[in-house]
Every structure is written in structure tokens, then in C-alpha cells.
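Below: a set of structures, written as C-alpha cells.
Heads up, the next two complexes both have chain A, just with different partners, chain B and then chain C.
The block that comes next holds the complex of A and B.
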């Protein structure tokens, strides 16, 4: 709450139009008439003969907290560097707030970046670091120090003005880097692995602070991360990147529940995948025969596919239930032996070896404290799922 | 228990190793720097005489068991009373300071571009900087004589091209002296600067540009302050030996370019006045060491403030 008030005060100065935050129910990406704030059009980047980015197009809306999620080498950092102006794209256009960014030097762009290693200037103290950008824009001294004080209270680090970066903890450095990047009131803030250097507990706290600051300031954030949990908890939308292309763009829930490709399904969370062939495809009735399962897979919706086509059925571990007696239905289950149980308190993870020698993972909440209902090692068990629980993937 | 003893043993041998690493160089410095320096100091405090050695002994043990220690300070008073020496000192400081400035001016951009060059050619460029060391220093200074003298290469080219009618006098001027010093000491400036600049985090430069720093501001607010240790190290490496430089002023400099190294040599060989020559040497060392100590103290203070 404290943060909210201060943040508003800071941004009231001259950017009041940025002040409305993204309400929970407005989703401009679903609105066909909404104008994107950042337009990335057909961006490609070639280093030598390696394509780091291959024809990437992406629209990002005002006040979004957009996460670019991908492994290292997926091109997410290259895209960020092109946005910041440190790299020139081989082809394609970037527009920010309707303005073409081609031939605009990094120091002239309405964009600021928070670097992965924070890149705080080691020879300057906290105040000088935060004031750096303001000084460059020729702001008066009194105004600068006023702004610095406001930013210091925004990041809850009042009184740290004279500290040098090496005298700060990792979390404090992260906040100073954020304040420095916010100081010039950018239209767009780029964050490269903003929480990567923090330990787990600090990361969770900082995550909420970051969301809070973003929501109150209403600045558009683009965050690059390899950590899918971080992306899930931060983002309004996620763009999953794979080998220089965007594999899928969607809200965190969409990415998790409706992955578009096997790569996305596998990269975000864990998943069980069965390869099979279509044997029936009618309205609300798709049947797949997989050699990895004894019975057919039945899915309660149909997709565009041909009979006999190879498809993949993917189902999350927590969407499978375990039972000791044979289910009555003739599809959507698998018989196996409990190979391993990992007890985590709230949930347990079971690894089950199916008759086909395929292993699947099942996560079940530990609802009962009763020892009798316990599933034990080497027990014969049936893994069962509902006809709406899984996704069918064509690629 | 046995394990514990083994660990102790290892700790002791490690300590011994550390001591060896420290004490061997220390012993070396003691033997080949401190002892000769003490000998020179001793000579500087004795009187000149005609004989061998050309100075009177400091310690005398007479027959009536009396030890007399004679400390003669006349040599040092002479340094202050004769304007020749003071002028030579001041001139040496001026020449060393200006030469350091010029080497910095030329060396900094070179070091910067080597540090920013592609990794593959970086080592080749460094090698080129060090390459002159592979030929004799004396030879390289003589080569400059060939270039600068009245019927030397530069004058001949200019004459043949018709740009000048009569040769420009370059050899045995201050100009030649500065060229000689700057040329000879340039690698000593480039190498520490390079070592500093190559470690400069590219991310800091990007962060500064991202925050609106134009190229000039980028240089003065980020690159220059962060390379200060390299600048200081390089300047020390040029300034200190340049003060006592002897070969370059005597070969390239004019007869009026008084430098302390030359005076020292004249006192020592032509005048055979070892005590005055020694006093000059002691005074020179003091002049060099004083700013070094001050600099070290300033550095310590800075570190103390930081922590």
C-alpha cells in the first residue's frame, strides 16, 4: 500500500496518462480494436550463419507485464537487446507507441533496461547511480535530488544514498537497479532475468514488490526469464521462445492448460506424453490408439486431423488420479506398478511403470492422514484421467 | 585423530609455502636493492678525496680504541646551493611529467581499441606493442637519430618533396627528447591500461547508454573514472624511470636539456665525485618515493571510506 502511494506521487509529475493500471478484467490482447503499444514485426537476427531470431512478430499492450520465457540460446535476450537498441535486427521493424525505432540510438529511446547482473556503476554511490539518467537529461540539481528521494522511498531504501554498490546485499542492489531504470520514467521497461541472482525466499518477496510497482506505475514491462515459475507468477502474458521463434503466446493459465506444441507442454511444468494414431474423429469424440497404453485415449473434443495421423496426448501429473481397483470405463486409464513415491507433505509424486515399460508421473494431494489409504511401493495401481483433462498436440 | 594431525601437517606446510613465496622476493629486494642503496647513502655522506675509492671512510678505528663516525652533509648542501642541480631536478620533473602526459594521450586510445578489439586479433595487437622490446633499447634510440638528424630520413624526404628548402633541426632538441621518451615508454603505459580496460564490463557501458549517456558523457562519466587505476599505474611506470632517464637525453636531447640522470653520470665519471653523485641519487629516490607514499596513503583512505 505504502509503495502504491509513493509510486503514484513519483509518476504524477508529468506522466499522468500512464497512471491507470491494467485492471484485472481488461485484456487488450483479446480486443481486436486495441492498439498494441509495442509492435515487433518480422524481426530476424543472424549472427554469422546462426539465426538467433527467426521472423518474430509480437504485439505487446500498454501496461502489460509480458514475460519472454525460454532456455538460454532461445533468442529471448537477443530480442531484448534489439528492443533496447544494443543490437540491430537483420530484418524487421520495431514500433513503440507508434514510433519506429530504427536508427534511434539506445540513449534516445524511451526505453530503459534493468540488467541481469544489475550493472550498477561501481564507482558511484546509490544516489549517483539513480541520478545518472536524470543528469544526462539535463535535469536541475534540486529536482534530481527530489526525484532520487522519491525513488529511494519507492524501493524502501531511504538513507542509503551514500552507500556504494559493493556495500549492498543482492536484494538491495536489485532494487537500486530497478530505481535507476525507472528514474527516467520510460515508456517501456526491459528486465533481463530480474530475479535470477536472488535466493529463493528473497525472490518470492521481490516478485510481489515488482508486480506491485509495475501495477501502480502502469509502465509496460517486458521481462526475460528462463524460470517458468517466475514467468507464471509475474506475467499478464507469456511468450514462450524456442530456437529463435515464438512457440506460443498466451496468459499463464492458457500456456499451462492449453500448450500449443509438445515443446511448450514439456518446457512449462511437467507433463506425461503419449504418442498415438487417430482412430476416430467425430464431434466431441476423438479416439487415439497409443502403443504405450493398453486401452484407447478418448478426448471429449475433436481437432482438425486425419484418420491414422500421428498425434500426441499430453496430460499433467496432477490431472491423473490413482486407484487400486480396475476402472469400469474402457478408455483413459493405464495399469502399472508404483516404482517410486516422493512424499512432499502437501502432495506426493508417484512414478508409475506401465505395462508398456513407459514411466508416467502422477501428483496427488495428501488429503487423508490415514495410513490405510496409503499407496505403497511396488503396488499394482490404475492411473485414471478424465476425458477433458489432457491436450492433444499435432506437433 | 590421525586425520586431524594430517590436516595440521598440511596447514603447516601450506603456511611454509606461503612464507617462502613472500620471503624469497623480500630477500632478493633486500640484497639487491636495499643493501646497494645503503652503500650509496653511506657514500653520499662522506667527503671526496683523491684516491681509490675516491671518498673518505665513514668509520675509523684509531689506535687508541676510538671509533669515529664522520657524517659529511656538505654534498646535500651543495645540491641545494648550486642552482645547476635544482634546475636539473625541476627540468627532469617537467620533462617526465610532460612525457607521461603525451604517452597517456597516445597510449589511452591505443589501449582502449586493443581491449575492445576482436579477441582473435587482440593478442596480435598486444604482441605488436611488445615487439620493440625484442630489439635493443639503445639500437632503437640510435634509429631515431637516423630519422631525425639534419641529413636524416625525415629531412631528406621533405627536402626531396620540395616542402622545405633547408633541413629542420630536430636532433638534439627538446622535441627529439620528448619523441624519444614517449616512444620508448609507450608500452609501459599501454600494458597496464590495457589490463584495466579489458576488464571493463561491457554491461556498464550499455547501462550508461541506456540511461541516456551520449558517447562523450559515456567516456567521462564511466570509462575514464573506472580506468583510473590503470591510468595511475601506467603513469607511474612512465614517470618514475623518465625522471632518471640518461640515455635518451644524452643521445637525442640538446646540450641544454639538463636532466638529473645526465648530471649524475657526469659527476660520477667525468668529475669522479662519487659523494655528490651519490647524494644526487639519494635525493632523486626521495623525490620519486615521496609522491608514491602520498599516493598509497590516499588510496588507503579511499578504501577506508568505501568500507
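The block that comes next holds the complex of A and C.
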């Protein structure tokens, strides 16, 4: 909470209207009339004859914490570098706060970036690093040192002014890099794998700090990451990138529960996928026949598809339950043998080998300590799911 | 274990004796009272004073320092530019040719370099009348030709390990390209520049072969003077001079090494 108060002090000095953080219930992306803050229109980038970005369009709203999630080589970093101005896009327009960014040099953009390597200047101490951007904007000395002090307290590193970057721990370097990027009060902050170099424990702490700072300052953040857990816990919205295109944009819950494509379903979290053909498609009653299952799949909503079309049914491991007796219903279950159990304490992961030789994963919370309810290796078991638990994917 | 270590120690001591006994004996005999080089007859510093009286040697030393400093400075500028071209620009016509040409003087025998430069200067004189005479200028040009190769190699290896995001970060924080160069690039590569300059200086200062090809009347560098003197027999005076040069070179080499150590990983 201390962070919040200090952050307010730092930003309220100069800007009065940016203190409204994005409340949980205001979702500008659901509002047709909301004006996007960052507008990415038809951006393509070609390196040689490889398209790193292929006609990407994206609207990002003020005070969002937007995560670009993708594997390495998916184009997410290229998009970030185009936003920062280090790369020029082959085609397309980028607008920030209504201003076209074409022909605006990186040093003139109202954007700052936190680099993956942090890029702290090794020959300057912490104070000089943080003050560098302020000096470039021609701020007076007294004001600079006042600003630096406020930023140091924002990142809880008072008294570290004279330390050189190599005398800091990884977490401290990360915070100095953040303070340096925030110092010029950018309209938009780009973060390239901000937590990538930290160990797991530190990563979780820093995550909350980052969200806290972002919420308090109300700056729009765009974070690039390959770590889906990181994206899930940080983002207001996630843009999943696949081979230079945006595969899906949505809130973390939406991405996880309603993935739009097989790629997204598979990339975010783990999932079981069954391929099958549509045998019935009526109001709230879609039936799929999959050769990988003994019984049909029944889904309680319908999608636009033709009879006989190939579809994929995807279901998350935690949405399947295991039971020893045969279910009474005639769809949505599979019989198999427990092939592998991975005990993780709070949950256990089961790998079930179905009759069709397909393997599925089931996650089950360890609620009971009763030995009788224990499921053991090589046991015959039924995997059962509810008609609303899975998603049907056409591509 | 212990026995192996003993053997290693013994061999390395032998190695050091092989390397340093000649130099140490030279230093010791520079303090010899006798005029005979190989007979010890008591401690004296008189050869050092004699050296100071020797106008020819003092002049040669001054010339050598001037040539070394001048050629090292030009080598630094040209070598750095070559290094930037080779490490910063992804590809341009003739890049691998330039890369090979830059490092060629490192492996070229001095005799060849000296001879070819001599031929060049002679041809130039008959074509355009310049250089009218061999001398300090031609030696400087010759020394730049290999000095810049060493600078280019050192600076290039530094630039290859240079994290480019440092420059991008400075740009991102509002610094224009020239500012980025002076605020970020230059300070970070400066240890490499200093050690490159020191190396070019040392190489120029003790070059005999190339200098003797391209020198002319009145331009005798220290190595040339020493070489011509010892043909008449080694005097304790030369020992004293050699001792001074060893000390100076050792200081320079240490400085260069300390600068290299400063280069952060």
C-alpha cells in the first residue's frame, strides 16, 4: 500500500487526470464507442522474405495492462520494437493517443521501454541511470534529484543511488530498469519479458508489485511474454500471437475458457482434444462422433457448422472427473486405464489410456485423505465431463 | 598428486628461467661498472648518465615516441572506424574482403610489409613526386598500416559483445544518435580503445624491420640506432637503454592489460 501512496505523489505533481486506474467492471474493449489509446492498423513486417508480422491489427485502451503472448518467433517482440520505433513496419499505421507514429523517431515518442536484458548503463550508477531520461528532457538538476528520490522510494530502493548495476541483484536491476522507464512519465510503457530473468519466488512478488504500480499510475502497459501463467496473472487482456498474426484477443478467462482456435487452446494451459464429425446440430444440441471415443460427444450449444464437418472438441484436464462405476448417461465419458499418476500435493495429474489408445490428462484435487477413494495405477476408470465444460473448435 | 605438482612447478620454473634470465642479466649488467659487458666489476649507474649525454640516442628516442604516439592515434581512429563497419553493418559489398584485409597485416611478415611499402613509396615518388624523401612521415604511414589492424581487432571484439539494447535504451530515453554515441557507446568501448592505442604505440615503438625499410636520412628511430650500435659491439650504455625500454614497455603493457580487464562481461 505504501507503493500506492508514493506513486500517487510522483505522478500527481504533473498530471492530474491519470489517477483513475482501470476498475474491474469498466471494460472499454466491450464498449463500441470507446476510443482506443493505442491503435495498431494492418501492421506487416517482412525481414528478407520472411513475414515476421502479417497484417496485425489491435486496439489497446487507456490504462490497460495488455499482454502479447506467444512463442519465440511469433512476432511479439517485433511488434513491440515497431511500437518503440526501433523497427519500421513494412506496411500499416500505428497511432498513440490519436497521433500517427510514422516518421517519429524513438527518442521523440511518448513511449518508454523496459528491456528484457534491462539494458542498465553499466558505467552509470543507479541514480544516473534513472536520471538519464530526465536530463534529456532538459529538467533542472534540483527537480531531477527530487524525481529520482521519489522513483527510488516507489521501487523501495532508497539509498541505492550510488550503486553500480553490477552491484545489484537481479530483482533490484529489474526495479531500477522499471524506474528508469517510468521516469519520463510515458503515455505508454512497453515491457519485454519483464520477469523473464527472475527466479520463481521473486517473479511472483514482482508480479504483484508491477500490477500495483500499473494500477496506481494508470499508465498503459504492453507486456511481451512467452509465459502464459505470467500473462494470465498480469493482464487485463491477452493477445495470443501465432506466426506473425494475432490468433485471439481476450480477457485471461476468455482465452482460457473459450479459446478460439486449436492453437490457442493448446498453447494456453493444457487441454485434451478429440477430433470428430458433426452428426447432429440443433438448438442447444450438438453431437460429435469421434473415433477416439466409444460414445458420442454432446455439447449443449450449437455453432455454425454443417453435418459431417470435422470439428475438434477440447476440454481442460480439471474439467473432467474420474469415477470407478460406469456413468448412466450415454454420452460425454470415456473408459480407460490409469497409466500414470503425478502427485503434486494439492492436486494429482492422471494420465488415462483410453480404449482407442488415445491418452488424456485429468487433474483432480486431492480433497479426501481416505485411502478407499484413492485411484491407483492400472485401474479401470471412467472419465466423465459435463455438456457445458468443453469447447468446440472449427479450426 | 603432490609429486605431479612438483614436476609442474619445476617445469614452469625452467620455462621462466628460459624466458627471463637473458632480460634479467641484461638489466644487471646495465649497472656494471666495467666497460666490458661480460665481466662484473661493481655496481654503478654511470651508463645511465652517459646515456643522457648521448645526443644521438636522446634524439632517436624523441623521434620514436613522436612516431609511436602519432601513428597510434591515427591507427586508433581508422581501426575503430573499420571495427564499427565490420561489426555494426549486417552486410555490405566487400565486407568479407575488408575483414580479411584488415587482419592481413597481423600475419604478414615484417620484411614483406617493409619491402612492399618501400616499393610503394618509390613508385609514388616517381609518379607524383611525393614523398620527396623517406623519413618520419613514411615511417608513420607504415606503422599506421599495421597499427590500425591491431586496433580494429581489439575494438571489433568489444563491439561484438556490446549489448545493442543499451544504445536503444538511451534512444528510448530521449537521446539523439550522436548523444547516444558519446554517452553510451564511447564510454563502454573506451577500455578497448585505450588498450588498442597502447598496443599500437608499443608495436610502433619497438619496430625495427619495417622502419629500416622506409626510413631515410635523419630519421633514425631508437631501434634503428640501437641496431646500428650493436653491430660495433655491445656496450653497457646499450644495456642501460634496453633496461629503460623494458621498464617503459612493461608499464605500457600492464596499463593495456588493466584496461582490458575493465571491460565488463
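Everything below uses one rule, namely that the second predicted complex is superposed on the first by the 395 of 395 C-alpha atoms of A that agree within 3 Å, B and C clash if a C-alpha of one lies under 4 Å from a C-alpha of the other, contacts with A are read in each partner's own complex, and residues count from 1 in each chain.
One rule holds for everything that comes next: contacts are C-beta pairs under 8 Å (C-beta built on N, C-alpha and C of every residue); 3 or more make two chains touch, one makes a residue touch a chain.
Remember, predicted model here, so these are calculated numbers, not experimental data.
Trainee: Have a look at chain B and chain C on chain A after the superposition and call it: clash or fit.
Mentor: On the shared chain A, the partners clash.
Trainee: Which partner chains sit in contact with A:366 here, chain B, chain C, both or neither? Use first/second/both/neither.
Mentor: Touch status of A:366: no partner.
Trainee: Considering only the touch criterion stated at the top, classify A:180 as touching first (chain B), second (chain C), both, or neither.
Mentor: Both chain B and chain C are touched by A:180.
Trainee: Per the contact definition in the header, classify A:106: touching chain B only (first), chain C only (second), both, or neither.
Mentor: both
Trainee: Return first, second, both or neither, reflecting whether A:132 touches chain B, chain C, both chains, or no partner chain.
Mentor: In the superposition, A:132 contacts both chain B and chain C.
Trainee: Could you tell me if A:122 is touching chain B, chain C, both of them or neither one (first, second, both, neither)?
Mentor: So A:122 meets both chain B and chain C here.
Trainee: With the two structures laid over each other on chain A, which partner does A:167 touch: chain B (first), chain C (second), both, or neither?
Mentor: A:167 sits against chain B, while chain C stays out of touch.
Trainee: Return the residues of chain A at which the contacts from chain B and from chain C coincide.
Mentor: Touching chain B and chain C on chain A: residues 84, 86, 105-108, 111-113, 115-117, 119, 121-123, 132-133, 136-137, 166, 180-181, 183-184.
Trainee: Touching residues of chain B toward chain A in the complex: what are they?
Mentor: 201, 203-204, 206-214, 217, 221-222, 225-226, 306-307
Trainee: Give the list of chain A residues in touch with chain C in this complex.
Mentor: Checking each residue of chain A against chain C gives 84, 86, 105-108, 111-113, 115-117, 119, 121-123, 132-133, 136-137, 166, 180-181, 183-184.
Trainee: Over in the complex, which chain A residues touch chain B? Could you list them?
Mentor: Against chain B, chain A makes touches at 84, 86, 105-108, 111-113, 115-117, 119-123, 132-133, 136-137, 164, 166-167, 180-181, 183-184.
Trainee: For chain C, which residues are in contact with chain A within the complex?
Mentor: Of all residues in chain C, those touching chain A are 163, 165-166, 168-176, 179, 183-184, 187-188, 264.
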